[in-house]
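Below are two complexes that have chain A in common, paired first with chain B and then with chain C.
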Partner chain A sequence: MVNIIYPMAALCLICAALAVVMLFSKDALTCAMSLLGVLLGTAGIYGMIGAHFVATVQLVVYAGAIMVLFIFSIMLLNLKKFGKDFHVLSPKFLLASLSALSLVGIGSWAIMQWSPTERAQWSNEAMLAAGGNTKVLAHSLFTQHGIAFEAVSIALIVALIGAVTLAKRKF
Partner chain B sequence: MISEAHLPQILALFLFVVGMTIVLLRRNTIVLLMGIELMLNAANLSLVAFSRANGQLDGQVMVFFVITIAAAESAVGLSILVNLYRNFGSINTDRAKSLQG
Partner chain C sequence: MDPVIFTTTAIIAKILVLLGVTLGVVPIMVWFERRGAGWFQGRPGPNRVGPFGLLQPLADVIKFFFKEDWVPANANKFYYLMAPVIALVAPLAAISVIPFGSHIIIGDHVVHLQLANIDSGVIFILAFAGLEVYPVILAGWASNNKYSTLGALRGSAQVVSYEISMGLALLSMLLFYGTFNMNEMVTWQSQSLLGPIPSWGAFLNPFAALVFWISIFAETNRLPFDLPEGESEIVAGYHLEYGAFKFAAFFMAEYCAMIMASALLVTVFFGGYGFLPGMQMLLEMATAQFGLAEVGIQNVTALLQFISLASKVAFIMFVFVWVRWSLPRFRFDQLMDLGWKWLFPLSLVNLVYSALLTWYMN
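And now, the complex of A and B:
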């Protein structure tokens, strides 16, 4: 078993730094690129902890489709000309950042109190013996969660038809 | 001591708080939608990491559903944003206050 904690910590640091860039950047396109970096880094972490299928879906749907939608909207609305929408050094912004940081501190302390217990129904070895992460996940998705899967597909098509109608109609 | 089960949880917490701060502070609607995506992504990360730590698969199935709903949410959000831009000539949230009493 390879020790993955150092590469994972490096990815976590990159993701956190890109998220902070996203918070403080004035340019919408910089925000979009940082979000893309965070999503790619998260996909890497998914791969490291063994969720291969979720990592692939993250790459295709999030880093592919949703980011294209965002960048296309930025291009369509020509966001360059709007300029900045906030001041970094305003008291409101500093106060909010400080309280957010304290929230992270308290939450991290709470997380460190948790000690993971090994209830390994699907350990790495069991997963490999059953045919790998994708096969096991697909089996669970189409048997145990079959109705939820169909409901989500209906929700997706309703939302997409609604989005097209909303964008076409003049209000 | 920090372990590989704690690390993704702490990152998920950080990403969620940053996304929440973006949603609360920024005025640019498209950045606001990106903040929502960041929060959803943080929740996904937490679910996958817990599913790994507990040796269960249900968390990963949930993440699959959340990603689907996030795609639908961003499509609807961006089409609302296009309409907002058509009506107000700006996507700044300060301009859209017709519902203010």
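And now, the complex of A and C:
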């Protein structure tokens, strides 16, 4: 087994640097491109810890589809002038960063609550023994979380139909 | 030999072979594209530089290198320079998961002929195919030119719409194979369907193969779907402001993307590196002729498998050129009609058909 700590730390640092650029840049396109960089970097981290499926889905969904839409709309609307209104000490920005940080805090607290035995259940070795992580994920998604999965797909269809209805309205 | 050193050497060798083959095919394709155009249109084509004009790509490369490297004054320089790099990187990264043979045996080591055998190989390729839309958008926008921006808009709309039917076609095949792993797909397809006919994806589900084939034309921006560059309407589209080696990078990226897409098509629908008819006989003849042992048989098998994959990919590439010089360009609304009103619903129906067929077969 090759030691992946150092390359992973390097990737994390790159992601963090890009995230800082994304937060403090005044050019909307630069923000979007750095967010794309962060998403690619996290996909790399997922890949390194052996979660290939999550990594590729991250690339397909976020980098391949959602960010294309972001960048597309930034380019079409030419959002340059809004950059000047941005201030680091504005209450809106501070509030947003505070809530994001608390979300990260809650997440890491929840992960830390896990006991080592619970964690070992999802280790790479356990995944390989169960037939690879795509198989395990698919199995738990379509059996244990089947209803949640269908509920999400209905929610997405509702959102899609809503978007089409709103777009078709005559203004 | 130390196993770590051996593995590292093997990986580096595989990277070099993949890069060498992919980038080495590009000049041959450039030559064939232009000679083929002449052939299809009943004219000689380039025939002055070297025998049959074979040295023409070399002359082109020298020209690209010695032209002035120029950046338009009002371009966004960073993104302008980044676009050709992404264009070239995305397809080259995607090629890393294509298996080009089963394995060879060197000494007592087994070398698998695939750079990255990851569990979800097919989605990995789709992911990198999805990244190919960025160079188009970035190049078009950063050049700060109306025609380029129009090309970028067309390109991104087209790639995003055809990705859906491409994904659905692929999904219907995943139902048959029951795996994302490209090696297992090839093994699955090598079993017999009817006597000597192998159970290739294209025989089981010809419609999905057709949809996928059409979609890769749109994904790689090739005629009849080359609207992002459409010379007669928007000059050269998204790469209008690019010259010298930056243009060459876009040019190379187009051919690399074609190779990647053909390799994916072959692996999913045409049996991948599985033997072509007659190759088994060839293998037996070679075994009898040279008195090969088990190791030798495996290595010859791998060689034949590589030849099989290469000839299939070469055929698909030939069709790319054939179609380019036979069909006129679609109008943009026709392109969108074909994508959304025909391919998308039909591939949905096809997905249901494949699901029923798999359910029935099990």
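We adopt the following convention: the second predicted complex is superposed on the first by the 130 of 171 C-alpha atoms of A that agree within 3 Å, B and C clash if a C-alpha of one lies under 4 Å from a C-alpha of the other, contacts with A are read in each partner's own complex, and residues count from 1 in each chain.
Quick note on the criterion: contacts are C-beta pairs under 8 Å (C-beta built on N, C-alpha and C of every residue); 3 or more make two chains touch, one makes a residue touch a chain.
Worth saying up front: this structure is predicted, and the values here are computed from it rather than measured.
With both structures placed on the common chain, the touch criterion links A:132 to chain C but leaves chain B unconnected.
When the two complexes are overlaid on their common chain A, residue A:65 makes contact with chain B and with chain C alike. By the document's definition of touching, of the two partners only chain B reaches A:152; chain C does not. In the superposition on chain A, contact of A:56 is made with chain C only, not with chain B. Once the two complexes are overlaid on the shared chain, A:75 sits against chain C while remaining clear of chain B. Touch criterion met: A:104 reaches chain B, while chain C stays clear of it. Put simply, more of the residues of chain A are touched by B, taking chain B and chain C as the two choices. Within the superposed three-chain model, A:114 lies in touch with chain B and out of touch with chain C [touch as defined at top]. Chain A residues 53, 57, 65, 76 lie at the interface with chain B in one structure and with chain C in the other.
Residues of chain C touching chain A in their complex: 76, 79, 118-120, 123-124, 126-131, 133-134, 137, 141, 149, 152-153, 156, 160, 163, 180.
Against chain C, in their complex, chain A makes its touches with residues 29, 33, 36, 47, 52-53, 56-57, 59-60, 63-65, 68, 71-72, 75-76, 132-134. The part of chain A that touches chain B in the complex is made up of residues 4-5, 8-9, 12, 15-16, 19-20, 22-23, 28, 31-32, 35, 38-39, 42, 45-46, 49-51, 53-54, 57-58, 61-62, 65-66, 69-70, 73-74, 76-77, 79, 82, 85-86, 92-93, 96-97, 100, 103-104, 107-108, 111-112, 114, 116-123, 136-137, 140-141, 144-145, 148-149, 152-153, 155-156, 159-160, 162-164, 166-167, 169-171.
Those residues of chain B that touch chain A in the complex are listed here as 2-11, 13-15, 17-22, 24-28, 30-31, 33-35, 37-38, 41, 44-45, 48-49, 51-58, 60-61, 63-65, 67-76, 78-83, 85-87, 90-92.
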